[in-house]
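Chain IDs A, B, C and D follow the sequence of writing; residue 1 opens each chain.
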Amino acid sequence: MALVVHKYGGTSVADAERIRSVADYIGRARRRGDDVVVAVSAMGKTTDELERLASDVSTSRPGREMDLLLSSGERISMALLTMALTDIGVPAVSFTGSQAGIITDTAHQRARILDIKGDRVREALAEGRVVVVAGFQGVSLAKDVTTLGRGGTDTTAVALAASLGADLCEMYTDVSGVFSADPRVVPAARRIPHLSWEELLEMCAAGCPKPDVRAAEFARTHQVRMEIRSSFTWEPGTRVGPEEEVMEQAIVSAVVHEVGEAKITVTGVADRVGVAGSLFTALAEHDVNVDMIVQNVSTDGRTDISFTVPSRDLAVALETSRSLQDDIGATSVIGDADIAKVSVIGAGMKTNPGVAATVFSTMAAERANIEMISTSPIRISVVVRQDDAERSVIALHRAFGLG
Amino acid sequence: MALVVHKYGGTSVADAERIRSVADYIGRARRRGDDVVVAVSAMGKTTDELERLASDVSTSRPGREMDLLLSSGERISMALLTMALTDIGVPAVSFTGSQAGIITDTAHQRARILDIKGDRVREALAEGRVVVVAGFQGVSLAKDVTTLGRGGTDTTAVALAASLGADLCEMYTDVSGVFSADPRVVPAARRIPHLSWEELLEMCAAGCPKPDVRAAEFARTHQVRMEIRSSFTWEPGTRVGPEEEVMEQAIVSAVVHEVGEAKITVTGVADRVGVAGSLFTALAEHDVNVDMIVQNVSTDGRTDISFTVPSRDLAVALETSRSLQDDIGATSVIGDADIAKVSVIGAGMKTNPGVAATVFSTMAAERANIEMISTSPIRISVVVRQDDAERSVIALHRAFGLG
Amino acid sequence: MALVVHKYGGTSVADAERIRSVADYIGRARRRGDDVVVAVSAMGKTTDELERLASDVSTSRPGREMDLLLSSGERISMALLTMALTDIGVPAVSFTGSQAGIITDTAHQRARILDIKGDRVREALAEGRVVVVAGFQGVSLAKDVTTLGRGGTDTTAVALAASLGADLCEMYTDVSGVFSADPRVVPAARRIPHLSWEELLEMCAAGCPKPDVRAAEFARTHQVRMEIRSSFTWEPGTRVGPEEEVMEQAIVSAVVHEVGEAKITVTGVADRVGVAGSLFTALAEHDVNVDMIVQNVSTDGRTDISFTVPSRDLAVALETSRSLQDDIGATSVIGDADIAKVSVIGAGMKTNPGVAATVFSTMAAERANIEMISTSPIRISVVVRQDDAERSVIALHRAFGLG
Amino acid sequence: MALVVHKYGGTSVADAERIRSVADYIGRARRRGDDVVVAVSAMGKTTDELERLASDVSTSRPGREMDLLLSSGERISMALLTMALTDIGVPAVSFTGSQAGIITDTAHQRARILDIKGDRVREALAEGRVVVVAGFQGVSLAKDVTTLGRGGTDTTAVALAASLGADLCEMYTDVSGVFSADPRVVPAARRIPHLSWEELLEMCAAGCPKPDVRAAEFARTHQVRMEIRSSFTWEPGTRVGPEEEVMEQAIVSAVVHEVGEAKITVTGVADRVGVAGSLFTALAEHDVNVDMIVQNVSTDGRTDISFTVPSRDLAVALETSRSLQDDIGATSVIGDADIAKVSVIGAGMKTNPGVAATVFSTMAAERANIEMISTSPIRISVVVRQDDAERSVIALHRAFGLG
């Protein structure tokens, strides 16, 4: 008798047929004896369509109204899934984010969960019901409806699992798990059966599309066991949990690449206290997410700073950096959108010092010039020319014996 | 400085372009000095689509979930319209039915408004805001979201107008007013500039499609002045108010016909107390809406009862009547779907005794056999063969000099 | 026994209910003895959605594929309407633009009709069928599907009417006719019962939204009688035909305004042959539609040229003009988006010399400064500040006794 | 340098994002040197929506118009995919079924392909283009557009592959291959790496949902190698080809079950020539697809015949059978919808005589009563109570060591 949180994404509930299929599957879990709480996304591309409508009627898009609007999609899928469950004889009840007690801060469209008062959820579970919670939404301290931003239903699911002390959080989506590389680039890529929380988090941060990185972080912090699974085939997926349980510990678990970033290099910066601080503070104030940062050793009291940002932020980041150019005494600010980031991730790296050497020699053999390097205990990321990225991924995947 | 309630139906807010157009129009009313409260329907056919989705996943369609589902459409249009208003500099705020204090009974999908606690609406008006209220919905005494049934936004609008003491309730829709007959049938039909509340109510009950009959009744009871107008052309429409204000009082204002009804005749019924009562009680218990009822004079202690019901209820009504056949001593129960109801309506009929005679002689000249007759002080309705209906409408429209 | 072409726009066939309603109406026309050819648009906003999908997958949007894509919407509505007609016992047949023999040039997305080989249409009419033709499309001399651009179904309808020698072309839409002014601005505006072809064309060119200006031009050239009507109320609309038939000839029929234009002024241009030619040739090459052009009298061999363009073309027009600034010896190029065009239109103006005086004195009384003037025999247009436009329209509508 | 046909189903091209993703993937195949022909379905649920619209406007649904309507969906996706390919620099051209030379018979909505005149396809391939063909449609000998029925794009793809002599037909869909059992029922079910054509055909006929059974039959007849793959993960899927290539030949490859069938038993039938013939001829004339048929040994010149039909045909099949009851001298006709069919499939069964024994003893151990049996050289199917089906599938999957 386990307590399991299921999360169903938009493609999993895209139409009536899929919703009935999900209800049937939840019914099976219930009959096997699981207590089930469901976090459900809006149907298909509903949220995108609502965003589009909002942009079509408004340039200002006021936060309170936006969140009232965007949260509608999950109310619809929540009600439909609950009706489908009831219809096949599975007692079920729906709760909006507010009714489920998901309390957030007041930052509309990117609210953070502060607390989950899950009393009504627990009561309904005790009555033997499946509880269907609208994902992606909560209620702010100011009593307004809020939404959690893109991928928010992943966060809802993991937060509910943590709050309820669930045994497992099953993330149902349109892919069958997490892969050792993008199968489009590396046809030999394999689904990874087990990952540690740290590995998943590093992979998400390195560009792996699912689940959402905030959910991965939440899962690691609160030690929520997850499984990434397909709601199309329902086959076993990728389990995520403590490192010690990951069997057949590989040195490297996956090679991940990301082409949606751009590099900015600020040259000849005065090498004095506070320079980097003022630069990155200004970027943060313009909502630019800086990823990798590299600073060279100073020569003659001057240094170069390179960093990467999402491509869509490149223009803002360049403008912001150039507006500070004089203040920080830089000689130039150069943008470069033609880059890619390639990352090698594996919990086994911690105890295997040769990984970096293998990465660099493999890249060298592919004549892929490394422009930036960033590491964590279980990750090595390099920035290369975009043209070199896929070749590097294929070579690294082979070099680490991943398939 | 008037307080005006605007109601916008689904086609009036069917897409982003229409929503912007409605916002622009509300902004004009505001600049002319009106205080404006808006009741808005779901976009286009959203409610139908949600109903369909519900039917596709569920045969039981539980009430609480249905109303959570169906009420989503108005949340979306409400948020979008409020955003569109804000975007063009018109201060506005949105309220769901619950936030607007629309209290209903607990009959899901056909709730009745019990009270409107309009405090938040009044406060927002006092702050100079346009108040956008989601139509079609309220909150029940059991704190659940309820919906008011088809045409519910009309009721929301009129109820808000009554509760707030509004000077006028403008019903914006896709037609430019109420016509003296269906222009498809009578090309010479004219838009009626003024109607009394009683006339409008009789017309709605006689088959005129807009506004919803419950709203017409609410308007009459609470003396809410209305205007039925087009949100496509924005031209002046049909004003509805006290009878004494209707200028150029015509004897007959309109000829309305309805083909969606069927007739049931129960013959040879025992002419004793309670027979009709038990029949119509049984029909009511099966949710059959009986419209006209005619009972012939008794012959030999036996009589015939004829009544009309909506065509879609014919099967149920026949079955119910037949199940009582023995109890009420009837010799037969006969259904007839091939009928039409033709009604002549006019406040001036009260003081013009010759109207009925004109109706009957006109029908006779058209060789249209009258099968049932029902009258009110301002209406004469007759049931004829469906084939005779449109010819009769044309002849009556001419006979009463309507065009 | 007349031959009538019906045109139904997108809102007229927006959903299944509307399509059935249109079929019912066509059936009535057929039963009254009319031969009916129908030109039908895509349902609702289908074309916009297809355009959006195209933009979402492609920046280049190749013409042949675009027209294959965009023409799908009318195939769908055409098939559905034909099925609805067949279903109620009205013999009908559908033809795509190609099957109807609508031959165009090869300019994808804005093709021009060169010829209509209506043999199959005539044969089907002779067999007693209603002919449903997909609007907005044809087949090019290169045998590719083409589309006629926005409002193309209006052109299809009028071209079919001309080619078939139809007695009337009825344009069904969501408005009930052409108005003497925008009723949002002038609540006293009236529907105009009759217009001459010339008046309608001037009104369309001056900013009146329906019908499409190309269709209005086609109708005038080929002397196609039209009626603009509502498919929501089906009431009589605005008839368009020869000037001599327009009864109760008013001096002025309508006041039309347009806010979607911008003004460009090129100052100090060298007053020599060919200067204006090179400027407007360059604008045409950049697909900028120039509307009004005014050139001042030369002073010292130098002059100013002002012209208006659609607001969306302002940036391109400014850039183009500035690139020629040196060549044409201009001292400055100034853009101004804050203008509006107000036009007074009436066939009676030709024989009433005082109209211009009334326009100018009315504007002066409103303190609306006139910045540009353009006239035709039956139209006077002036450019004013946007803030002055609506006040001017109201005053002019009153000054000419329009309501 | 292989010639590969790709097939993309509705979920694979459900929105602009997916279409761009598919285009990117095709571009990769092209860059690897493959010649690519694509058969593409309508986006998402487009075909269902068009069917629904048709039913909403028409009960008769005339064939020619239906196929004009239904074929629109593939025209849209075909044009969009071609535009997306062009946009990323991959030369591509689109062809409708008619343009691709897919000739069918005249049976609207379930046409059969008679011939593929692929000249234009071959020319375009020779020019180095990717050829995108609208799936599901062709042109009849009567020059009308036809559609191939549900799953028709699978048939289009396989028929194109056969006609062009393609090396492989890759079927991209939302599942990652064919499984040894439904993973919802048997969590240990595994994806099958290789299947023979015969096995796939038996599995499709036994209830496995993808690909379409007609396509499987076409592939076997024309020896078209296929691979069933996911367009969400792009991981390797299930390859289908000659039996001799299937490595690690298992005795049993899969256990398939089907709950959508019903059983009819006709008892006491006169045991004479022609009785069964007249019964099944009558059923065929009513478009009832009979699946399994079992006839008992005659007792006293009388016998019982049992057969299964799709549940949706049960009412028609019962009525048809009962109308013949007297003619064929039957004592009763009994319908039973509460059944399920369980099938065990494997090419290795041919040389392993003990499979049937294992099936029966496994079912017996589960106390699942076998009501009907049907076999082929590589399949054993049994009919059981619906309640016994899933338990039987689990037990059989284990008994044959499938996971």
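Throughout what follows, a residue touches a chain if its C-beta (ideal position, glycine included) is under 8 Å from a C-beta of that chain, and two chains touch if they have at least 3 such contacts.
Computed from a prediction, not measured in an experiment: that's the story for all the values here.
Q: Which number of steps is the smallest that gets you from chain A over to chain C via touching chains?
A: Minimum step count, chain A to chain C: 2.
Q: If contact pairs are compared by residue number, which of B-C, C-D or A-B agrees with A-D in over half of them?
A: B-C
Q: What whole-number Å value describes the gap between the mean CA coordinates of chain B and chain C?
A: Chain centroid spacing, chain B to chain C, equals 37 Å.
Q: Counting only Cα atoms for the centres, state how far chain B is from chain D in Å.
A: Chain centres of chain B and chain D, defined by C-alpha means, are spaced 50 Å apart.
Q: What whole-Å value do you get for the distance between chain C and chain D if each is reduced to the mean of its CA atoms?
A: Each chain's C-alpha centroid was found; their separation is 51 Å.
Q: Considering chain D alone, which of its residues make contact with at least two other chains?
A: Within chain D, no residue contacts more than one other chain.
Q: Kindly provide every pair of chains that touch.
A: Taking the chains two at a time, the touching pairs are A-B, A-D, B-C, C-D.
Q: Name, in rising order, each residue of chain B that touches chain A in their complex.
A: 16-17, 19-20, 23, 50, 53-54, 56-62, 65-66, 68-69, 72, 75-76, 78-84, 86-87, 94
Q: Any idea which chain B residues touch chain C in the complex?
A: 11, 14-15, 24-25, 28, 44-45, 174-177, 179, 182-184, 187, 189, 191, 230, 232-236
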